[in-house]
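Here chain A shows up in two complexes: once beside chain B, once beside chain C.
Take a look at the complex of A and B:
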């Protein structure tokens, strides 16, 4: 029995458990993409693109070790305070701001893609602002509870992933392994080009860099969790890709932008005729969890940047930003596509290039600090 | 009435004031072993009594603003007085134990009564009078004797109407707190059962007790509850429900954050789990904190059944939660947005049922749900026979007529009735009301954006439940934060001997609730494998080895 007041304060800064960390990464990565990943991949390397997905996963795995290496050098910092320490204030601050813009951009993209999907599949006449408003307010409420609430919530909501998997498994009874052949028909060149698309679907792992210091456990345990989460996501995607590639033939796939939904649409249970509607309803929750993470990341960045402890006002600020940008862009296909391109390519910079640059910088910085101290 | 009413004024001699310091010193010495009373030792003011009987009586009379039910009986020809509230004290006791001996001249006998207590403090006398004591004062003596002659009228501990069980204890709390504590102490016969009294309400001076198991309950939670009770500064406190709103974490939440119960067995079980109970004088309801969402789905009956049945009933109850909250919303979403979800065979009957209704489904649903609430509220306070009539008129007549008149569809009546039944399955009245309240926003969401609206609504509720805390304990435990071990008593009810650990959400200091208790099973198996001399009932396996 320790003295009570101390424990009370500890509760506020209670760290995430490994399991919560795992599910935060998983839920952030599995989001809007699930429905369209098979189609996107297929557009490059046809039936062989699952190989691209695997290769992409391996590439990301290497990157994750790099991210881990960076994060472990700063055991008490988030990404934003790390930037200050690594690149000095003059470079670090603008970099953090750019990161915040990136996160806001991804959040907006999620809202747009989500609203577009809902308007295509479920509610064609509902205006964008209704969907955006609902998603943004619910997620603001979610994020307002703090990281710990996010961790708890994501862990609990992850049983829905099992549900999604079950629905997909249900539809695999009409699959044809034949559709996967001939293998390597498109050639390795196309497969490597497909890696490009595969990596898109994994963006979101950057969350592990930002909240690394807020997780309890040794560095090794954390690395294990990050790697496990990554391969869990990979398997999940691989499973969806396999299911849709074996259900639709190579010539059919370019016609179905959301193969998983089309696949489920063909089946009906005795009680429920349209399983795809249920799938999409559960998918909404996965979208909400990914969006909430980006909302959290950007508001965390803002509160770190302006040294204000209350994150809640920044959540509102970011929420309003995301809402207005998404209303500004609207549901126009071409505009969304352009925006999508902008965000994904900036993803290359912020999720791939910058972490790779950080690896040597953080190492040098640490070495220098040690030298300075001794 | 035999009492002689007298205002004794200026009749008695002058007392000497010099004795004051000396007696106070003397009394302080004696307080080393003092009687303990309900009131906590606080900074209540003191007023030393005087030697003059008339002054003392006047002080007391003024303190009670000449209240008429304060009786003064003058004894010994004006040299002594007995004061008590005729509304609080028991006449027979006074007559037998005090009045008679004094009249007979055996005044000393009275002071040796076991419930007698001496004091020099008039303020204390004022307080004890309110507690139902009788006061005896004599001319020329500073000592005032107090006798506990409280009368109490109480129900017998009957089974609470709203928490009946099929099997198990059939007693319940009553309005008298001492009886309630007695019921708990009888069930938890252990020295660690700690009870702390509080006086709440500046005008009502309600006795409130905080009950917990020292060494099991988290001292931080106990302290937190005490702090919150201390900071409660209100004129009136009349029941735990009243206290609840003052000390709960978030009052703007539909979900109750403390468990209300009138069952001593339930309180005892929760105390041993490491939770804290709050009782109040004058109310049979006891609050249990910290509470979690799933505690409201546990009923004492579950533990008296076989665990298969117990689990089944639990699952039914949790299923009822989903029905109560989402069924009307789901139905509205289906008929107004997602007709394609209905299987082919059902489309014609459903369509036929709703085709001739003039109103949109959302309006139908809202009207029906409100009608059900009306019937419920009308029936709840009426005497049972009329209540039944209301049920029949409301349920059967209106339900039937409304369909025939073509105002509401058949299916909608079924849906709303099912929802109402499901909401009553919850063992806790508070939560059941909360669920019925949550139906409305979901109906509206479903009526405007269909399934997606329901998903957002449910997500919002789940987020709210996850964010909610009861005395620093996550409300939605063991789901969020997920604790797989604690699911043993949430969705399922595993056999009692498997509940080795106390639930984590109670923050119990001592986590282990039971040690392996079915060792004899191993022994039996060993015996069988050894093929020992059968028939002898050996008490333990050690005997086997010595043999």
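Take a look at the complex of A and C:
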């Protein structure tokens, strides 16, 4: 184990503050995808896809209220113990296991996409295992500190988001607003199809359901925090989308999978010749925070399921799992794409469909419990 | 046990350098690249490779090696050149890419593809075309003066940018205009003069789509041409003939320096006919006017009016050149697409652009005239 013994799991003693909750959500959502969000959106609805992003954000907003509704019915449970109570042990347990698989899958995907990006942009000769190992071990250590440490760390690291924003603002000196026009060229059909991609970029909000009970404050305050975090991320994305859409022309963007980086590559500062490399090194931290959250979620799930061991042992297990799967898949483009598809589509089940199913179930459950008590 | 573990993890941090280190002693930095049209569809690549040999005392001496080779693609040529020099050559710090006129008259994107694709390339580099000559001539030029050829060219281009003769667009900024329909661009032209001893900026070469049209805006007119595009460098000076006394030629001229430049482009759609008005409002300072008498009442206004008329006439001339070359440097087509999409769909912009009416209106206001009247 890499963590010092004095920090062994005592996370239940003190709860997260609202601010820490906010930054955990934000840092989980803003991660590996932020570099390619404009490209992904653009591939469907061209210059109109910022509308898709906004529509997607509204849709997720509705879902978040649903998630909040589910979570507030179980003030002392994580997602995994909730499953037991809602769907009984026989359905709930397997469901929790699937959720854990999903979280491990997302974690692996993050490691793979991160390594691929580093390999393409900065270190073409460095083997995958080095990059994956470094990321996984650092995050294992981080998560070993417990949720509260994560919360504090994420809050502290969030000043880097300001850096990222500043760098993007710097590159907006060559923008052409006219690239956003003609509006609605692709038609509403495409814009609605683009919502699909927009929703992908928001996955990660599920963390608010899992750790809801570990945050202090009233339900109302928590809802406010969740909503604020969501719109913060939306604005951040919207800003990067606008910046890259107005920088690259409509016909150039399909050629550039990482528009944000490419945009910065164009300029140079007196001291920093390659701003894109500077940007990447800050971005790595955002990747680490997203990965650490998923590592935390899956190890939390395992320790909730098998109460025998402490969470720290599960962190190591999950870390090894993620590392081996990513080595197994490798940096092969088609394999990563397939894996990407599998994970994002299962996101539909675990981040969208299941929470929606939980809304009525949790309501009925609570009503039944109350009825039984009175 | 723990001590070893920590030591192990710490040493991991140093590992990353082992695969991707690039030592300076193993590479030769190429600062300027030249491409020309070769035979049978091949291209000729010319590079100048500086190598510094250190002296025991004083500054090291620098020798230049000029290498030229023909190949099918830029990277193939690079491979060939790599076989000619002891180290491998690295274009990550290229400052200028020079294209021969013949090559520029074909699609230039394939030449630049590697620059766009490679993460290590320098997209901040300038692009220039050699007028009536080859890039090989320019790169291997034996110019007088101590600077390297790449510094010479990039210095020349930077000066052109700051004195409002060229746009200063680097490779990446050109890329959008290269690919987007309805926007064309222009690239600085270089010309070898004085029997190969002097390199001059000779104007802006007009491109249509991805090819050089062969037409150019001469260096005399590029300042106004830039101002019409709404761009202004650090200094923008215009010398114009405004009087016709007939006595002393020099007294007819005035030089103004543009302090503020405000360009507005209005695109109107009259039943499918596109009409463009370019309004250019300038505030200028008089920096040279040998005939003096500026204290005479109304004199300054008069000069302003004369200058406005003169510049409007010249703008008409510039615009007709641009239209003749069918090079939509103002991005009118893209604006039509953006704001009048229904018209754009019916037009074949390639054929439409030379026909549309573009009316420039230059208004000059004199705000200063130096420390004498």
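In this text, the second predicted complex is superposed on the first by the 360 of 374 C-alpha atoms of A that agree within 3 Å, B and C clash if a C-alpha of one lies under 4 Å from a C-alpha of the other, contacts with A are read in each partner's own complex, and residues count from 1 in each chain.
In this text, a residue touches a chain if its C-beta (ideal position, glycine included) is under 8 Å from a C-beta of that chain, and two chains touch if they have at least 3 such contacts.
Model, not experiment: these values are computed from the prediction.
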Exercise. Can A:225 be said to touch chain B (first), chain C (second), both, or neither?
Worked result: neither
For this session: Examine A:288 and indicate which partner it touches, taking first as chain B and second as chain C; both and neither are also allowed.
Result: first
Exercise. After superposition on the shared chain, which partner residues are touched by A:251: those of chain B (first), chain C (second), both, or neither?
Worked result: second
Exercise. Between chain B (first) and chain C (second), which does A:49 come into contact with in this model arrangement: first, second, both, or neither?
Worked result: neither
For this session: Of the two partners chain B and chain C, indicate the one touching more residues belonging to chain A.
Result: B
Problem set entry | Contacts of A:174 with chain B and chain C, given as first, second, both or neither | second
Exercise. Does the superposition put A:272 against chain B (first), chain C (second), both, or neither?
Worked result: first
Exercise. Which partner does A:133 reach: the first (chain B), the second (chain C), both, or neither?
Worked result: second
Exercise. In the superposed arrangement, does A:326 touch chain B (first), chain C (second), both or neither?
Worked result: neither
Exercise. After lining up the shared chain so the two structures overlap, which partner does A:120 touch, if you call chain B first and chain C second: first, second, both or neither?
Worked result: second
Problem set entry | Intersection of chain A interface sets (partners chain B, chain C) | 122-123, 126, 130-131, 134, 268
Exercise. Of all residues in chain C, which touch chain A in the complex?
Worked result: 5, 9, 12-13, 15-16, 19-20, 116, 119, 123-124, 170, 172-173, 175-177, 179-181, 183, 331, 334-335, 337-339, 341, 344
Seminar exercise, completed: Within the complex, chain B is touched by chain A residues 1, 4, 7-8, 11, 17, 19-20, 118, 122-123, 126, 130-131, 134-135, 138, 141-142, 144-145, 149, 151-153, 155-157, 268-274, 277-278, 280-282, 284-285, 288
For this session: Under the touch definition given earlier, write down the residues of chain B that touch chain A in their complex.
Result: 219-220, 223, 337-338, 340-344, 449-456, 459-460, 462-464, 466-467, 472, 474, 476, 479-482, 509
Exercise. Can you name the residues of chain A that touch chain C in the complex?
Worked result: 2, 120-127, 130-131, 133-134, 137, 174, 176, 178-182, 185, 247-252, 255, 262, 265-268
